[in-house]
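In what follows, subunit A forms one complex with subunit B and a second complex with subunit C.
Up next, the complex of A and B:
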């Protein structure tokens, strides 16, 4: 096959992330450092000048490099091998000090997490809080089975107000007038840019493949609500738009268009997705990077934050998520779908076996359910994965005639 | 049904049935299955429903493998298995609280693959110590009451709720009495006497439990100087572990189990607004490891309970793939070690074999009693 088309923006992405981590690892802590999860309302931290650092993002980066040994450090400290590998990597790295990849993630002054992705995150952050003896604030976002009830939105909004007071007390920061509105404005802009970038994958051939989306989602996670993220995504948007206009595909000879469900397999980011790309199969859309697609509404900023962070993808019912996947399959003209049945993520994975049947019935497209793990390589059976992927690709080929 | 002349036989009997037989004879539409100890039993009872905890002894039905990944806990596998194989057909509905990620997903999966099962959800707070949790929970309870009215035609009055709070308070007091008289009961009988609280109609359980407590009150202690164990962990749906403790010559002096005494330490206020009283009880009860309750860590609770009951060792029973417990067991183990309390961690699945469990329990009993 031909060469995989690398995005020129990747260089800038590397520089941007280096700058972010340089500040996170600066031992002087020129401003308070909060370790937060990807679903935390970071706009409040931007507005109060608290540096947000993401153990999940760090774990994914470690996963790409190979992080089994960090999992084993955590397991040696008593954490079960069945637990989320992000959590084990993060705890393993925290226990390993500067010998961890990138010399570790330093120390947090405080911890903030939100259970809109899962309950596991709360137990993980509780463990970090004990380890670093750092104060922890948990934002409880009730799961949305049907619509978002008013009392749930009010509950989250009240906790966000409390978070402001907590940051004033614990981090000695103030919320400056207009700062939150500005952070939300930037967040809105960056989310719309990300949405636009992903939407160019509707063109045929798709200008991006899943590994591109997985790599380039980093700033919307760790720099959401900043001008740097907006500038970066404008640049990426221009490049992707140009590709779409010129008919440049992410992979050579795109034959099949696929939907990806669940977190990436970071440990095999190139090798795994190459199995597909080599046969002209491109992942043109996914549910993972789409989780950062929700645009904060205009209006009262606290209420807006409460609504947007409570209704994110993983905090919605299986029926809702299934509907979203059906819509994506239709919008992106997908020929099939692959569900990563991720041992580390029950929130994403438990409903997949039943959703797979429903999605296949609803769309008439074949789906592959593949058990693996986002970072723990012991759960990735190379030969078995290859055989199942090849069988799936043969099915696709058979249908294409 | 009415209590048998032998209350212990009644309590043990219901624990031997996968789904209690009385459900088949109950008036149609009067029973509701619940999946977790955070279900607001008082509210369901005030709605004229008879709540029964769904339990999953034995290997999960094969059907559940079709719908769930292999890394799902046996509790959720068992519950889904019952939903898809028609076991729940006699129930008016099932209530699935949102205790952990798996339980929350179960509701959505049930709705997809077992559409014949009427599923109610109840999203209780995770941050049980948040100053805003109570107001939210009260609204959530009201919302559940509204849904019960809309979908099952069940109405709840304040007076009815108050009466149900009083009934369940008496049940918790009866359970506490039995718990305090464990030295008159083998571990298996004590486990059954407490677990049955979730399985019998509340009035029937109360009658049997009070009868048993009265009988025990008059009996002599009979457990002697058997090694004293505290039993803690997730739900124990099978009699295997308490039965083995009896067989191996130990005794259980207290528990912190989901279907044991964990929720029994907090009574609801019987004066004032009953909705407030129910919300406060749910927030203040012994916290499940899935909750964020920073002032009440599991390890400290176990260490205190071990000291109070003069336990010589703690057996922590963890259902495989129960993530909240798997996290919580790490600091709990550290706290117990600091308190000088020997402990045994048993990871189990429903239907798992007795051989390895027996060997490990035997070795632990030898350890705490000073060797063979």
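Up next, the complex of A and C:
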């Protein structure tokens, strides 16, 4: 068994994230701290000099270290076990203060969330608002069935205007002329770099495997619209491009190319994906890190933000998502796919059983539906997972003949 | 003489099959897994070899399957129970396109393509509903043995509805039915209907193409088969030695791998 090839950029990634979280905790700077969700229009906050901090990303990092105890703290406080594990980890960590991993996430001055990812996020942020006595701004994005109707885009744009006024009032910030355009330009650049990096995985062997994508997606979420993120992804792009040009694969002996659907299993990031890598199966593309692939258009910045944040992957119909998966399977020459039926994420997991059938029918490739959770280890049964994964890989081998 | 061994270390029962040339079964053995499945597997292996008059060195290849396979170190290869059950069922019923395997703690539905390869599969997740364990627990609540369930079912006029397929909740439902004076056969038939609907729900994910074969220990329960046929509106074939299908499949794969190795 060959060794798993580590990316050199990983070291820089660690430093970058450390700096970011140190800034969140350091209250000597005078910028207000806003806790936001991954689907919030962060470019506006960059332009108004508000520090954006992501409880979802923090929860994922805790999940990698093992965060069951934080879930249990939240459950002890009355939050249901059926609730999203990011929400439980975030609430559990907020209740635990500095004894939480990485000395906790500090406290927010403001809370901003957008319901484009799910409905849970709103309730979760409301709970944080009560806990920290911080004001909350909610952006409501209508669900996109087919195209985005003009009235829906206008409705969201009006809320973004209101958010600017809210930040002026609540946080005494000004929107500097040209600053929003600059933040959007950086966002556009970083998104294009991320798209380019992912696209190198079309090469055989793929220079990246899903765990690489999951780890290196952090800056595109938490530092989108900043120059540091652009610098980081340029460096990563060069490294991945070089791997692709030199024929260096992420895993030794790539035999099967797979698509991954849903959020990563953070609690078993190396152990779970190793089950596949050990048999030469590499996840060359996925719907999760691809959700940050949408490039904001040029033109009016508020309209562009409204459009890009309303049409994110999770806010779109199953039909749209199926089409995307089918296209990805074709573009990346996938032999099969694995759908993580994530107990936490209802928005991502709803409809998966029928999507699995349809995608298998459309592509002729086998698909595995696996029940687990992104962070709650009680929903992950080692023996059962292993039995399913091995049977699936044997099915792939049987087809390869 | 060449012989090949298939060992299926299930969660409840260990099955061992020894085959000779052309997949002819030379000997078979079954025993409860207890707390040390691999040790039972070693005992059964010695027993089948002795019965067939095959020396330990004459076993050309051994394949282990089932949950206990990871801890069993004496096999040449491990193969998942999906692949083994598919292979065994197809050997027992050559036209098989769907295999419903009902084991001790897990049940699965496997779709086979025309060549008999696994096309798709579905397993129950993290829940004992629709498994042999479900029947064991509820039979106990009824004061019956698992073996006695089918005979009891045959006496039922109208099955009661067991609304929960959760093993624990179903057990309390059984107890309240008994307290209400519901005849025992009707409760048993209700349980069989509950397990059958659960299995057919899974089958819906992969399709139910005839010929449908049922394997695993629970396949010996005629009541469950009757319920599956009634609700699924499909004929079900239960081969003799249904419980041994996984071990047989493992032995056949062992024979094929030995042939490849030569």
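Here are a few things to note about the model shown:
The rule is simple: the second predicted complex is superposed on the first by the 400 of 401 C-alpha atoms of A that agree within 3 Å, B and C clash if a C-alpha of one lies under 4 Å from a C-alpha of the other, contacts with A are read in each partner's own complex, and residues count from 1 in each chain.
Definition applied: a residue touches a chain if its C-beta (ideal position, glycine included) is under 8 Å from a C-beta of that chain, and two chains touch if they have at least 3 such contacts.
Computed from a predicted structure; not experimentally measured.
Of the two partner chains, subunit C is the only one that A:391 touches; subunit B does not reach it.
Of the two partner chains placed around the shared chain by superposition, subunit C is the only one that A:399 touches, whereas subunit B remains out of contact.
Look at A:162: by the touch rule set out above, it reaches subunit B but stays clear of subunit C. Once the two complexes are overlaid on the shared chain, A:302 sits clear of subunit B and of subunit C alike.
Look at A:353: by the touch rule set out above, it reaches both subunit B and subunit C.
Of the two partners, subunit B and subunit C, it is B that touches more residues of subunit A.
Of the two partner chains, subunit C is the only one touched by A:366; subunit B is not. Once chain A of one complex is fitted onto chain A of the other, the partner contacts of A:383 are limited to subunit C, with no touch recorded for subunit B. Subunit A residues in contact with subunit B (one complex) as well as with subunit C (other complex) are 353, 371. Partner subunit C is touched in their complex by these residues of subunit A: 353, 356-357, 360, 366, 369, 371, 379, 381, 383-384, 386-388, 390-391, 394-395, 398-399. Put simply, subunit A touches subunit B in their complex at residues 77-80, 82-84, 87, 115, 118-120, 122-124, 126-127, 130, 136, 138-140, 142-143, 145, 149, 151-152, 154-155, 158-159, 162, 317-319, 322, 341, 343, 346-347, 349-355, 358, 371. Residue ranges of subunit C in contact with subunit A, taken from their complex: 67, 70, 78-83, 106, 117-123, 125-126, 205.
Taken together, the subunit B residues at the contact with subunit A in this complex read 66-72, 76, 98, 100-102, 104-109, 111-113, 121, 123, 125-127, 130-133, 135-136, 139-140, 143, 289-290, 292, 294, 320-321, 323-324, 326-331, 333, 347.
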